[in-house]
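Okay, here's the structure, questions in a sec.
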Amino acid sequence: MTDEKKTVVLAYSGGLDTSCILVWLQEQGYDVVAYMADVGQDEDFEEAREKAIKLGAKKVFIEDLKEEFVKDFIFPAVKANAIYEDRYLMGTDFLFLFNIVIMISTAVARPCIARRQVQIALQESAEYLSHGATGKGNDQVRFEMTYYALYPEVKVITPWRLPEFYNRFKGRTDLFEYAEKKGIPLPVTPKKPWSMDANLMHISYEAGILENPKTVAPDDIYCMTSDPKSSPNEPDKLVLEFKEGVPVMVHNLNDGTVHDKPLDIYTYLNKVGGRHGVGRIDIVENRYVGMKSRAHLDVETFTMDREMRKIKQMLSGKFAEQVYYGYWYSPEADYVRFCLDKSQENVEGKVTLNLFKGNVYIISRESKASLYNEELVSMDTITGYNPQDAAGFIRINSLRLREHSRLRKALEKGK
Amino acid sequence: MTDEKKTVVLAYSGGLDTSCILVWLQEQGYDVVAYMADVGQDEDFEEAREKAIKLGAKKVFIEDLKEEFVKDFIFPAVKANAIYEDRYLMGTDFLFLFNIVIMISTAVARPCIARRQVQIALQESAEYLSHGATGKGNDQVRFEMTYYALYPEVKVITPWRLPEFYNRFKGRTDLFEYAEKKGIPLPVTPKKPWSMDANLMHISYEAGILENPKTVAPDDIYCMTSDPKSSPNEPDKLVLEFKEGVPVMVHNLNDGTVHDKPLDIYTYLNKVGGRHGVGRIDIVENRYVGMKSRAHLDVETFTMDREMRKIKQMLSGKFAEQVYYGYWYSPEADYVRFCLDKSQENVEGKVTLNLFKGNVYIISRESKASLYNEELVSMDTITGYNPQDAAGFIRINSLRLREHSRLRKALEKGK
Amino acid sequence: MTDEKKTVVLAYSGGLDTSCILVWLQEQGYDVVAYMADVGQDEDFEEAREKAIKLGAKKVFIEDLKEEFVKDFIFPAVKANAIYEDRYLMGTDFLFLFNIVIMISTAVARPCIARRQVQIALQESAEYLSHGATGKGNDQVRFEMTYYALYPEVKVITPWRLPEFYNRFKGRTDLFEYAEKKGIPLPVTPKKPWSMDANLMHISYEAGILENPKTVAPDDIYCMTSDPKSSPNEPDKLVLEFKEGVPVMVHNLNDGTVHDKPLDIYTYLNKVGGRHGVGRIDIVENRYVGMKSRAHLDVETFTMDREMRKIKQMLSGKFAEQVYYGYWYSPEADYVRFCLDKSQENVEGKVTLNLFKGNVYIISRESKASLYNEELVSMDTITGYNPQDAAGFIRINSLRLREHSRLRKALEKGK
Amino acid sequence: MTDEKKTVVLAYSGGLDTSCILVWLQEQGYDVVAYMADVGQDEDFEEAREKAIKLGAKKVFIEDLKEEFVKDFIFPAVKANAIYEDRYLMGTDFLFLFNIVIMISTAVARPCIARRQVQIALQESAEYLSHGATGKGNDQVRFEMTYYALYPEVKVITPWRLPEFYNRFKGRTDLFEYAEKKGIPLPVTPKKPWSMDANLMHISYEAGILENPKTVAPDDIYCMTSDPKSSPNEPDKLVLEFKEGVPVMVHNLNDGTVHDKPLDIYTYLNKVGGRHGVGRIDIVENRYVGMKSRAHLDVETFTMDREMRKIKQMLSGKFAEQVYYGYWYSPEADYVRFCLDKSQENVEGKVTLNLFKGNVYIISRESKASLYNEELVSMDTITGYNPQDAAGFIRINSLRLREHSRLRKALEKGK
């Protein structure tokens, strides 16, 4: 190591924690490159940029990743129905034993954010990467698994896991004191007693008072979706069109709005879904999942062979696990995504949805495949199906049960 | 065979089809025992009894199976979350290629109904069983698999699969003519262009106009749940308590109603859920599934170890398949139910729900296990968790990814 | 239907059964095209051709399918390790309750044979297909599933399931009488008390005296592999090379023999394996499975990421099931083969085997991937692995167990 | 902490490494309790005891765990066929990237050994546990997962992961020097270039020169099984009897030897199997697995329903994983063992085996279930099976394939 300073790329949020880390890393002798990813959260990025510069960041990167987030990360998750599966994964987690809702929506954003951070590090010849995630959650895992997979030689600095850091900053008061001393602007509003994660897919809340499962979520937590009590009394009727398993068009039949670019579709669904209170799950908010997943599920069911779909579901379950545990960039996730893509080749069609009072009602669907199927149905009487066949089918399938029943009786008598 | 008449036990519904079958079987030389199961559907059983006697039934059995339906069939399905899983099984089915919604709720009732039918056959020394299910659906399979499993030597008469029957009754007109000739009372209301299945768990509609996936369900299909548009503007708040994985108490916090018997709990949840429009799925109605399944899922998540739960989920998936395909009475389903029961030993707790505008919102939960967990959380700081451990955890887990990344690069260079 | 005769393509073996069927079909008014597939069984095809013509076949097709059998059917099975998995599927089967060994090797040949039969039918404008498989086995299923998948409108004639046929030919005597009357040559050797299935992959025996599980297989059943008692006392040492998951070269280090064409490799492995008594499973013979499967397994383990392999194994299990139950030509099997192929892209390397006294000993292996790995290992000390990381890994993984242990104690105290 | 010395229970082997650790721990200020487990390895325990005492051990425990190893650990593994499954788990492992054969047989012994170590620690009021496993293998994980699960508050000392230890003992020379200085007896024979793990189930070798996959195993590695080249030229014929899925009797038909106690059965099978060279896997030795697993598999196949068995296999796969990764004592493994036990209730019967030249040939089997089955077969003709049923079965099963085929053609035309 020469006398040149070592460079670290820090995932910076503009908040108190990462501002303190930005300064603290400089104290430790690093040049700090601040990096912010825009994945759709509500944030004043320019204000954050100025703040980072003022606090000594050597460079600041504000990266708009919304487009690639939709295309490279949300789309595969929609294809897999990974979000739907997520409900099974929910629950007590190894690090966050009492976290109530851990959303795959959070998990999906992490490799997207970390990938660009690695790209910046390589471009800036930085040997170090840093983030402000705590030492107790899954996010540290997801960030760092991506770091290591894409940049195997990297060194990772995680202040919240370093005794010299976490022993110095034991509580919020310590951060405030440090901020005052170092000229870090203090947050103007008191901290909410929970933490929040937001991106194009969702907003979720966790920790703090929500860790007590008996706690009823306070009213003001619902800042992004309308309360169904006060949401519109007339539904919006949308048509959502899919090709190769991903949404390609949304059409609001009420007012004629049409969008056909991935990001526009997502942004619009967020807006209109939020207006109707769609996507509140349990005591926390999770905005936009419902519509796309249910519509996709619906088209898939109509266009994919039943047995092929069972295999695809098995792979989807694996994919959800991989994403959840931080293995987006891994040989196994590469492989599963490849196989899932294949399954979506013919998943296309239109689904008409009513959004109303927090619900998504699928009211009709249409697809090339199902159109043809109808014709085939009418041919059915001619060539395909003989009711008597069913008797043979049932008798053969029950043969094993009948033998089992007889054998059990024989064994009982023999006793 | 002597000159004694052969006896057949017919699953009788009181409707036109099975009335015609009841008469037709006598024409074929059988003594017919009519059997009706009350599994919670809305029916005038006494009227049906009189009709059956008038039409020549040797005996009529009207059996109230509601209690055993809840305890022996719905409870295992709730424990398994089989209903929830069902969404995955939904879709194009082997016999009913274009049926939109096939509910496991239907599937669960069949072995219950068929079991009693077998018991009656044995009691009445009847060698024959008969039902009026068509030759195209899954219900014939579920009925007959149970018949054969419990009564391996039985002979099954399924008129809708016999050419001498289905060639004679090609359409509804043929049935009407036959009914008039034989003095079978004609239905007073015109037949709805769909068929219906109802029991304690649900009502569902299928076939007819609903087979066209583009069809929007007509308004009058929603006869059992309120339309969310006109449902109450204030939620009902319920507490649902579980022990060993099944509901043992419901308490409406709005008006103090309490029920603690299985059947009462179910009947009450149907009533209050229906009032709030809970349980409409897609274009058809499926009343009561949501509440119990979601509440059970919630308690389970809080009280069952995560990894144990993954194994339980695997078994649940198998169970849902077995039920769906008619294998309730089979060695494999016996085995899976045994294993699922074990998993539910500690699944107990209370869940508070809001029912509103077709939605179920879980607002808090409580269980012995989670209470203790909270205490343990506070102990956490003392003995359990060292943030630095996470670094080792991540580095070990990423070791494979780093090696893979290096190897791939090495192989690329080597090319 | 005009007065033109209907044409049926019959899968003909040259044996007594299908010879009688050939004549009987003509009696029923069909033109019969006789079709024989050469998939590696030991047979005098020309003699069979003459016999078929003499018995009135309109045309005879003797098709050498060995090459396509290896490439299109055995190769996918080797990639999937489907043969290895088969041991799990073995056992009491729905139709053949007491069949001891049902080989996937049989199952794999069926779609190959049936595919060509369909091609011939289309070419000859035959509306009918026929085979001589009994009404009790799995083979009828595998043949006909392929017929229907590739030729949905086809009509299938299965004499052994037609009462007019099986009631007429109740035993072997009836066949003999019929043969004599119709001038069908009688078999010169008495029928062995078991049936046999042979192809490039294996020979297996079933039914007859072997149905009794207590029966010890007679010595003369081992006609294709040497008895290990009398097999050579010195091993043959072979190198088997794989590319993209399939064998591309075999090299016998003892005598320098080399083969590099798929069919030659298979034929040679059969020969040398048989000489050493390799592949006798249980009481029946199953020649050639062991070597290729074990060698493939070995290379795969060395070249495929562990977690990716778990997913591949899941798919392999599905594939084995699909093949076994007759679904080779199905959307789900197409999908699974596509995914399995992808997994084999880098499965290449050389395995050295000793064949001796019925055993295959893998003595060393080599692959590009493993070569690079060795280099990487030596780099390991520098950058990759810190022993202390393991402590964190273990502590994090045991966190759940420790909490569980404490919670259980707390709950016990609380009782 | 008072001035009282802290006590550590060390898993002691008598070898150089743990002898040095025994002395080193005392240097660090601990009272050391030396603990040796006899799980069937070949060892002079009394010599080891004297050595430990001489080196300053406060107490020495030599525990004969053979009986409980068989009953509590090997039996569940046999029931699960976990050993058979193991072949799938084999391969590049996260820590030991290039270890060729990692045996579940090793894995199964660890929780047995660690459990007693915890019991001794609790009895001796020791707060510390220690072992000599390296920081790179799976064994450290298996030991410590058991420690933490059974003794959540324990503190673990793992010298090979502590910099103060591994930096001091960088190579074998450092250990020799230390041993000389501290009066630790040096090993008389030079260390073999591999490490060995032995217990009742197996002996395996790993690491060292065997890490190179191209290495051919040296002849002298085969110390426990005969080389098939020189093994007896006449087979031994054994009958192995199972009840509830575990061996209860072995009978050698050649010489009349009979054993009926679990440990005696195991010891005898080891002896006679070893004599015939049974159980050499790949380049390393793995003695006793083959016989019991294959015999168990055989009985299971004969006595367990096919579909139930598929579910059992799924659970077995999970169990093998749990054991392999160190989760023997976990809620999920408890659950799986409970379910597996249930599956074995009727797994009973006798299997006759020939052992010859490294192979196990199953030559016949017998069980109550199969006896009855034979009778049932003969009844089959009367009541059970109608060949025509198979046509319906096949036509229904192929319905989906035919529709798929037509739909595909229709879509192709439509393009």
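Per-chain residue numbering starts at 1, and chain names A, B, C and D are given in the order in which the chains are listed.
The working rule: a residue touches a chain if its C-beta (ideal position, glycine included) is under 8 Å from a C-beta of that chain, and two chains touch if they have at least 3 such contacts.
Everything quoted here is computed from the prediction, not taken from an experiment.
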item	value
From chain C, the most remote chain by mean C-alpha position	A
Chain C and chain D: spacing of chain centres that average the CA atoms, whole Å	31
Approximate Å spacing (C-alpha centroids) for the pair chain B, chain C	40
Computed distance of Cα centres, chain D from chain B, in Å	43
Per-residue overlap in chain C, given as positions that touch at least 2 other chains	94-95, 97, 152, 305-307, 327, 330-331, 373, 385, 388, 390-391, 393, 395-397, 399-400, 402-404, 406
Category of the chain touch graph - line, ring, star, complete, other	complete
Interface residues, chain B side, partner chain D - complex	94-95, 97, 153, 305, 307-308, 310-312, 314-315, 318, 327, 330-332, 335-336, 338-339, 342-343, 383, 396-397, 399-400, 403
Residues of chain C touching chain D in the complex	87-88, 90-95, 97-98, 134-136, 140-141, 144-145, 148-150, 152, 156, 158, 160-163, 166, 211-217, 228-229, 233, 280, 282-283, 297-298, 301-302, 305-306, 309, 313, 326-327, 329-331, 352, 356-359, 361-366, 370, 373-374, 377, 385, 387-388, 390-391, 393-395, 397-398, 400-406
In the complex with chain D, residue positions of chain A that touch it	305-307, 368-369, 372-373, 375-376, 379, 384-386, 388-393, 395-397, 399-400, 402-404, 406-407, 410-411, 414
